[in-house]
Amino acid sequence: MFTHKKELQYHATPERPDALMARRLQEILGGQWGEMSVMNMYLFQGWNARGNEKYKDLLLDTATEEIGHVEMIATMIAQLLDKAPLSAQEEAVESDPAIAAVMGGMNPQHAIVTGLGAAPRDSNGNPWTSNYIVSSGNILADMRMNVTAESQGRLQVARLYEMTEDKGIRDMLGFLLARDKQHQLQWIEAIKELEAKEGIVVPGTVPEKYEVSDVTHTLYNFSEGEDSKPVVDGKEAADGNDFKYIKNPEAMADKPVLKAPPAQLHSTPPEK
Amino acid sequence: MFTHKKELQYHATPERPDALMARRLQEILGGQWGEMSVMNMYLFQGWNARGNEKYKDLLLDTATEEIGHVEMIATMIAQLLDKAPLSAQEEAVESDPAIAAVMGGMNPQHAIVTGLGAAPRDSNGNPWTSNYIVSSGNILADMRMNVTAESQGRLQVARLYEMTEDKGIRDMLGFLLARDKQHQLQWIEAIKELEAKEGIVVPGTVPEKYEVSDVTHTLYNFSEGEDSKPVVDGKEAADGNDFKYIKNPEAMADKPVLKAPPAQLHSTPPEK
Amino acid sequence: MFTHKKELQYHATPERPDALMARRLQEILGGQWGEMSVMNMYLFQGWNARGNEKYKDLLLDTATEEIGHVEMIATMIAQLLDKAPLSAQEEAVESDPAIAAVMGGMNPQHAIVTGLGAAPRDSNGNPWTSNYIVSSGNILADMRMNVTAESQGRLQVARLYEMTEDKGIRDMLGFLLARDKQHQLQWIEAIKELEAKEGIVVPGTVPEKYEVSDVTHTLYNFSEGEDSKPVVDGKEAADGNDFKYIKNPEAMADKPVLKAPPAQLHSTPPEK
Amino acid sequence: MFTHKKELQYHATPERPDALMARRLQEILGGQWGEMSVMNMYLFQGWNARGNEKYKDLLLDTATEEIGHVEMIATMIAQLLDKAPLSAQEEAVESDPAIAAVMGGMNPQHAIVTGLGAAPRDSNGNPWTSNYIVSSGNILADMRMNVTAESQGRLQVARLYEMTEDKGIRDMLGFLLARDKQHQLQWIEAIKELEAKEGIVVPGTVPEKYEVSDVTHTLYNFSEGEDSKPVVDGKEAADGNDFKYIKNPEAMADKPVLKAPPAQLHSTPPEK
Amino acid sequence: MFTHKKELQYHATPERPDALMARRLQEILGGQWGEMSVMNMYLFQGWNARGNEKYKDLLLDTATEEIGHVEMIATMIAQLLDKAPLSAQEEAVESDPAIAAVMGGMNPQHAIVTGLGAAPRDSNGNPWTSNYIVSSGNILADMRMNVTAESQGRLQVARLYEMTEDKGIRDMLGFLLARDKQHQLQWIEAIKELEAKEGIVVPGTVPEKYEVSDVTHTLYNFSEGEDSKPVVDGKEAADGNDFKYIKNPEAMADKPVLKAPPAQLHSTPPEK
Amino acid sequence: MFTHKKELQYHATPERPDALMARRLQEILGGQWGEMSVMNMYLFQGWNARGNEKYKDLLLDTATEEIGHVEMIATMIAQLLDKAPLSAQEEAVESDPAIAAVMGGMNPQHAIVTGLGAAPRDSNGNPWTSNYIVSSGNILADMRMNVTAESQGRLQVARLYEMTEDKGIRDMLGFLLARDKQHQLQWIEAIKELEAKEGIVVPGTVPEKYEVSDVTHTLYNFSEGEDSKPVVDGKEAADGNDFKYIKNPEAMADKPVLKAPPAQLHSTPPEK
């Protein structure tokens, strides 16, 4: 069960309106790696956790914080959209290249659909979709996704920081840079613990006999040239075994031949 | 530029048809974490790499191998669909619960749309979409996604392995278990190298002054109770700083108040 | 800013596992009219509200409750998936039609992808998408969507209630039936207030001179026969004007003729 | 069965080309609340109606009119795209901010994909999807969606009207403003009739004993502060019962604890 | 402008309910190649046609017929859903494998969402999307898509015909088989006319000097082995030139090297 | 199994950066008719082919070439994005309309998400989806799709060619124009062979008795006026039968009446 406070976790007020930045900030709100993604992903991972209470709680703590981050960015976007140019007939558009750029570059749905409000969409107007997230039941696999999400997310925040000199936007983005650092670090901490218990390869519970054994630590060089060789050659893998390198990989099976289709499918029959 | 050999990288022939397993195997072909995802993701990351030739080549080596994995699973599915029950009027459906389960559970598009062929879709028939993948230009961020993809993918392969006793399916899945292990290990190797150069937090190039400084290593306890505390409390984070823990987080900003909308948007005006 | 309590708002424990009902309950979790939709819709409407504090707060109160409803249903689904049949080779499938039905009818992603956890998807496995929701800046327009969402949602809950005799599921659904009733009634209350101020037709701010005036209260009978006539004929519309009825509507404009395409588009040139 | 007349229902000719407005008008053609949505929604509701011939006919009358509205807007868009700037090298782009805005802001698919034709997409190029519509079998629930669609749609038309001074566009939009008014009013009329028969809460057929009884007319204040209280406090709900208000809602159930996952799923086992 | 007749173009009544066939028939209603696709595709192609009145009219004639086909299939599906088993607790499910198959295999949204009505979705419940269709402004290109759509569609109808022995379903499908034949033939007729005018290669207006000339009629053998050779070897192409065959294709350009990324993107810098 | 060469099949280097063209070229990379579509479509058709080795090989030859085309266009886009304007505060934006157009018109995800890399998306940022492709098991039906894809694709390449004067872009597009010509011609060749064997109407295996016989070669004139008549009137169809023309088509079935819904669905009961 959740409760809401009317105050924001952190400041989210720009110095001045900027409809282009409003469009761009949609990426970290409703894009693949935006706050809606981490919020929903951590919620589902937390709710689905089966008996690892400290991770379950950590996931729900962080998910709950992320709802507040969506709130902050939505609030920022709504304010950046104040005074957005709504008509190409406005005088300024016809004489000022910078305003023309805003006119051309702003998201038309910010005017037509949301009435200068934030949308649950990315910077190109794609709807947020749960295709972006995962909750698998294997916490180590999911923690790797979580640290990925915080890495990709923080990268986007850093890029947006460089795209503006507005002190209000930068203050909020600086807060997100800091929080995404913490979130990366806490998921890395959890990964360290889990790898210590379950091993480095996910899932750690697969018996070795399941695997085709002689292809487990081998890099096949499927491109001409050997640029990739130094990444693994002569090194010990993180699970303690040595990497091998195969310069010219061979096919291990024959050419497949499929059976003829049954007549009632009206497919092309095989040539004789 | 690419070339094709008609032989498969590894065996992909089931002992006997099984339309239910055909449906399930679609998950690792065209699902979020299936082979189409890693194939396309590594291709784009490789093509977009700007001057890190060993990683670029490693990505394209592995991408090229993955095209061959899509080929293997597609071939397996086509064979599992041989003899699929096409009509509920077939005698067997009316008397045999196991065949009734197949009739009910098989993917109808395997008969109607693909004519007993594999589809670029997941086990529920959702189309594959590039929403599943990322290529960001930050190789460390992307390598984290890659190790995630191989972890989630291998987890699904392991689950499918347990769902069948067909030796042919298990042989192919055992090959994939082994290759996904290698791919996890090679991406982990790359991550180790990159973290050594760029630091543990992505992106490593953000100046500290960008960040709101006092919130970088703090876990806010947004859920009642303190189950999550032991994950970080009293520990040093992977970047060498100490974690802090705030039991009752406070809002750092005021309640936001938005400006009234302009009249030409025909939104609800604020109450006075 | 939000906070989380570990307790659920209401009971969410089934009497016994039932993987078919787990699949069906996904509809009210991650479907078009599920709890994820109302949760996200009310959040965005609340955050985007410009100066109508009582509605803004009501939206955020209700949104916050809905996060807890997603939590309840997710928890219910995870428990319904305990003991789900994972392999068609299990003995029971081969002899028991009811288990065969479960085998055929359960969502394969509940086993392969989520590891017996709830997914942010509907009963056919379609991902939740923000295409389902709206926040327009016109509160009356949005309140009409909200009462729609609670009507469609409650309808689905009622249908699910009839599909099971499990007392635990019914208890949770009975709670949702009651809450959806309240939510319908509170949005209807808001609609009454807003219509009193702004008029019955949305948006109420459009000057009459914008409209092509003689077609505002007319039902055109575009189907043969006059079955629809009694709905409006001889009645006063809710805005106080009389409905008109046109039995055989005429075209008011000519056949359109488009200009030839420019050559550099390589379109088919018009025939001479 | 349907037939087509070559004439348009109403005028759809702009004074002059305007590729930016062409992009914007896509929203009311192929967006969430565009004419494709109401056309398809009313068609499906009409076809699925089980024995309420006057509503069935009204739905099909209106659906049939809407096909003609899609036709009008598509025709308008094609004409607005005449003379669209196709190349950034055109002289005008380099000197005229207004043309630069068009160049930057127009939909590139209008040139590359459709050859200056309308697309079944919204103003950001998102494909139309049947996720936008509903046909539930409960006519009152659906009529509420219909009045929503006409409200959101008319709101967007009004906003577009303000964005241009082109008399031809405004004439067509003025026609749509008038028709959307009629459609709102006729669905409201149907709602009045249906509520009189079935009650205000949808679905009206749910026995009271299904509901958890003491939570049916209660507003839970899940946000701090009591701004929302006046919407319901001391009022009678539309179904004749009194609203209640709970300032500090309590959890009614315990913290959920999920069972450990079965080993063959290779999920993280619970900590001991 | 359109008008509607209440009678169906052709019979659409099954002998008896069959919820599995209802699910399968959704494919030809709302699937990639279903009637919604051809209806919407021909409408847009017709509306966008610039000055080829006979094709424009042919497209709109056929589009208008297709609206009636959607109507027929929707009506058929609604009737096939009568008496669908709604609860796994029903006695029949527990004893009868055929009913168990229906229970497992039916679309749960047919009960929960549409109330035994047709949905604008395919046989796996995927929403119809305008991604399925095209209107390009080049009528020959589009006519090729149209003949494809009628070919894929008729193929699916033929497969469905084989899956049932219900005389009512077969009668309707037999009608569609006949109409899809006509539609294939009429589009082929148009293609013949257009190819005679514009040449066999689309678009016919591209000057030869645009093309890299020595690769226009060459099959590159990118797979080992020469199975594909006989398709073109020693033959004259449809445009009157001779095919060539290259057994071992060579790369014509160098390995690409991309520039380093700018610092403000925080991407991985190139290794030195 | 596949292998990769580091060299490109053909040159893909622009004369100078152009972020607007980068956005536009995404259409032929990741759009409906882009290279990702033909690559994936030919791969799946090849893998699913059941015993027509020459076509299977031709499909895989061409698919393998197309992977290299995706590579070329991705490489081109990455280079066009060099020096893209990242901030509206840059001086040039404020004074130069052409740069303002680029600022407004470029894809923001090219900066924020991909770090100046190509994306698996179209020119409006829509993700690539397997909804774009088909593999049906009927090779003639699929070859018709393939010639469509090469026609639509070549049309888009031709349009893009006209939109730029950059010699490097034009060189690459000229190569694609030539290859798309070849691919059209080779699929046309295959179609000729298959039609000779299987007949002109797909699928050719449907017994005539399945069809409702008197509607197979008839054009119904569902639009007023007879513009479409000359396309078929008095002509022999490609299958050797004569076309018929019906000026005023009649309904062949009655108005449908659906049964009342069962009570447990809580739908609207029929009026008496």
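Going by the order they are written in, the chains are A, B, C, D, E and F; count residues from 1 in each one.
Simple rule for what comes next: a contact is a pair of C-beta atoms (placed from the backbone, for glycine too) under 8 Å apart; a residue touches a chain by one contact, two chains touch by 3 or more.
Keep in mind that what you see is a predicted model, and the values were worked out from it rather than measured.
For the pair chain B and chain C, chains touching both partners: A, D, E, F. Distance between Cα centroids is largest for the pairing of chain A with E. Chain A and chain C carry the same sequence, and matching their CA atoms takes a turn of 180 degrees, rounded to a multiple of 5.
Chain centres here are Cα means. That of chain C falls 29 Å from that of chain E. Work out the mean CA point of chain B and of chain D, and you get 33 Å between them. A separation of 11 Å divides the Cα centre of chain E from that of chain F.
Multi-chain contact residues of chain B (touching two or more other chains) are listed as 1-9, 32-33, 48, 50, 53-54, 57, 60-61, 64-65, 75, 78, 86, 97, 100-101, 103-105, 111, 113, 115-116, 124-127, 129, 131, 134, 136-138, 140, 155, 158-159, 162-163, 203, 205-206, 222-223, 225, 249, 251, 258-259, 261, 264-267. Taken as a contact graph, the chains are fully connected, with every chain touching every other chain.
Residues of chain D that touch chain A in their complex: 18, 20-21, 23-24, 27, 31-33, 97-98, 100-105, 122-126, 156, 159-160, 162-165, 222-225, 249, 251, 257-261, 263, 265-271. Listed in rising order, the residues of chain C touching chain D in the complex are 5-13, 32-33, 53-58, 60-62, 64-65, 75, 78-79, 82-83, 86, 111, 115-116, 129, 131-132, 134, 136, 138, 140-141, 144-145, 147-148, 150-152, 154-155, 158, 161, 170-171, 173-175, 177-179, 181-182, 184-186, 188-190, 192-193, 200-203, 205-206, 210-213, 215-223, 225-232, 235, 237-239, 243, 249, 251-256, 258-259, 261-262, 264-265, 267. Chain D meets chain E in the complex at residues 1-9, 30, 36, 40, 43-44, 47-48, 50, 57, 60-61, 63-65, 67-68, 70-71, 74-75, 78, 113-121, 127-131, 133-138. On the side of chain A, the complex with chain E involves touching residues 155, 158-159, 162-163, 264-266. Contact residues on chain D toward chain F in their complex (touch as defined above): 1-6, 48-54, 86-89, 93-97, 99-101, 103-109, 111-113, 115, 124-127, 136-140, 194, 198, 203, 205-206.
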